[in-house]
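Two complexes follow with subunit A in common, the first pairing it with subunit B and the second with subunit C.
On to the complex of A and B.
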């Protein structure tokens, strides 16, 4: 092997290679960082969406067995309520319908908390918080006296019920913040008709 | 073979058995064939990985679209349950003239679903359709392929709402009661004699144990319903269908 064939790298070659590698590394880091951030946000959004769907399903299944005459308040569009009280039928005994204890679903004094309660404000009171991520206002709604999200309601909160006959329309917006402070919100809406 | 690159080892004295087995020239680089094999493996591996990532992403989109369609179908069924039972047919059939509160005041049979785009063959840009056993009187006889004899369930009775005739085969000779021989009614008909597996028909819809060829839009006690959501998905046209049957179930007030 000749001396020329065994020569190493010059300082210039090394510097150029290092510079190129540096640029490549920085670009790669930026791409990975952006992808990772997008993935984190999407994951957070999906988790929030799943949570919103689960909470909405729980509300729907609770209300679907309710007596429509027991719904209180029975606010009809454009009026709405952020809580609803109801009773469910437990069955029939001696020809009479046996009603369960009164139940309530609504926003707690901390409006981010959505709760279900049985026998509210009594010694037998049971309360379960179903989520702590309720948005102050429904998605795309602003506190300005207008119906910004064109759903027929004005300045509605992150949880709303409006009753039409035996049907209840339930709207829910959950919100969360990513590590870098960005806000993500997900909304769900459904209609149920009380069966009892 | 063409050497591709040089080893940086200046003193390639063989030390281990593996090295001893190598070619005499320890400075040899990687051959083109080796590079090609490695590159092929890398390309195949990255291709498989990309396909998995893309398939996962597609599945997520498809699941989201399906969930939207299912929720829309469920929502329209809940809205139908909230109506007076005897008005459901008139409210959700394709006929705007029989709407209880005046022409074209009912929700009708086709609806938008936010988040889902219509297919190119959608006649009105809507994606959700409520399918009922409803037929315009003028074309009902053309829609029904085989005339269905009015019969007491299990026994062929005759035609024209069980009024006359007996036997088998063509029964009423292709006539459909309520249509043939008389002036057609102005509104669409709810028919129980239509042969449609999707709607579980024919079926006795008014509870008189007779399958006849009359309009039962005023006296049905069962209402078969098919909700069909047809949309242009991100990866092609998609359809979601749900079938159910409504019955009068509410407590008397």
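On to the complex of A and C.
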């Protein structure tokens, strides 16, 4: 009896060990799960922020070479628009400025989609979706008739343009949902001055 | 017994050590996998963001290049700054700007900025400023005589009328020539309220005791009078207007073979207009009116301009910037009308005589200018200000040409094969420099040159006494300097 007992574990010892291991495993799983979730959210946030910056840069580079007189609509704060039409200079030929075909940047009928189009509504139309993650409203804004995020605009959409002379203020909020349904949003804003 | 205990202990301990190690390894592995995943995501994002930042920095560098080139053009430089082989260093990156003629007085600047892995090329088309001769004031390329009883002075039309500024303002006036100037006072007082500036190597001769309030120093370099560019309009048939009903010429751009206004007839020119006449003649007692209510009038007379004695010139405005008369060819022209003329007359090849009956307000520049005794000419300094503004380049078109990553090598200096420390700063990298040099030429004559270096012939220089580039004094260490300066 004593030889056998010494060779292995008692049932109690085994049960305690298993229980401890179980607790340890559950705790470890929880920690890993939390870390993994935090990592996923962090990654998603970083990706979203990067995407927002890239889209904003694209809009800025497109508008910076625009003819200020071609900006339409030229809504000035507190008015704004979720789309803007313009044309850019392509250079000079025979001493005359060559203007490009009309372009548009704005929200598609599905307001989550931000598109760029050239020759819109013509047979030569070209459309590119730049992102499908535009928020319904700009960050911290609620659909309540008030300027909740104190930016001078009321109930503004996730993409807004307001024009002041040669300058265009662009505001953009992108949103994404994690697997557990939590939403992450990132906002970017810039002001560009049309060079032409 | 002792042996048995040791054997038993070894077996039990061996089983426990193995399970702990496996658990630890699994834990470490999980953490390592998570960390690696996070690191990979971060690294990919950082790389992408880094590329975006590099492109943005390159864009700003290219913009800085355009700004440098544009500011250089404002002081007469070519717009070229550095080159691909020797770019201008700026911060942690570099740029160079190329400039090319694009027709119609346009210059295209193409600026390329490099920053780490980013490269951006921008294009700016600039319209060159037009040459202005208004600052010359009253100028005759050939010898000029200021006759007996003449009154030449100046005022500033932006500050009010000439009468309102009498005795209250000191506005600079320059009466100039590329040859000598004679100022005479015989019977009537002659007054020149300003500088009398003869051409390089020429002098001012004085008869009697005229009043000259300014300096009489000869200019260093004689100005070149740019040719007149006449609008390309086809000329309609000539007009001889003799009716008592005034003839109105509408705003627009057009031309006629000639316009002759008979005695007691009147023609009204309405601005804004750019009108070309073969000949323009006002006979005695005829009248021409310049109506600039709606805009300025530019008149080009390719033949002769003859305004007879007792003809009348009238203006709706006392602003000399509103009327310009240009005489492009070698012609003889007379302004003997009665009245006050507010405007500029420019004839780089023309002979122009101004009579006593006309009081002239504005600027007068001609190949040969002559005045009748008792003439009254008041230079409008505001024309010089407007002229200076028109010489500045203006932005015509801007666009992004390309954004392109430099490739795997993140060092633009290595990509270009240049050593950063050997590169020049933007302000020193312009193709051309403003040069101010005092020197002895090869004949031993002391001379001075002030202008763009590209227009200066260094081979005529023997010894340099004083040298400034872009208003920065350059140290001279040897007497025979020109070869050194060119290197």
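Throughout what follows, the second predicted complex is superposed on the first by the 190 of 196 C-alpha atoms of A that agree within 3 Å, B and C clash if a C-alpha of one lies under 4 Å from a C-alpha of the other, contacts with A are read in each partner's own complex, and residues count from 1 in each chain.
The rule is short, and it goes like this: contacts are C-beta pairs under 8 Å (C-beta built on N, C-alpha and C of every residue); 3 or more make two chains touch, one makes a residue touch a chain.
Just so it is clear, the model here is predicted, and its values are computed rather than measured.
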Touching partner for A:127 - first (subunit B), second (subunit C), both, neither: neither
Which partner, subunit B or subunit C, touches more subunit A residues: C
Subunit B versus subunit C as contact partner of A:32, first or second or both or neither: second
Which superposed partner A:95 touches (first subunit B, second subunit C, both, neither): second
First, second, both or neither for A:166, with subunit B first and subunit C second: first
Which of subunit B and subunit C A:193 touches, first, second, both or neither: first
Overlap of subunit C and subunit B interfaces on subunit A (superposed complexes): 6, 53, 195-196
In the complex with subunit B, residue positions of subunit A that touch it: 1, 5-6, 53, 164-167, 190-193, 195-196
Sites on subunit B touched by subunit A in the complex: 6, 10, 27, 67, 71, 74-75, 78-79, 81-82, 249-251
Complex contact set, residues of subunit A against subunit C: 6-7, 28, 32, 35-36, 39, 42-43, 46-47, 50, 53-54, 57, 61, 64-65, 88-92, 94-97, 195-196
In the complex, subunit C residues that touch subunit A: 8, 11-12, 27, 30, 34, 37-38, 41-42, 45, 48-49, 52, 56, 102-106, 108, 123-125, 395-400, 403
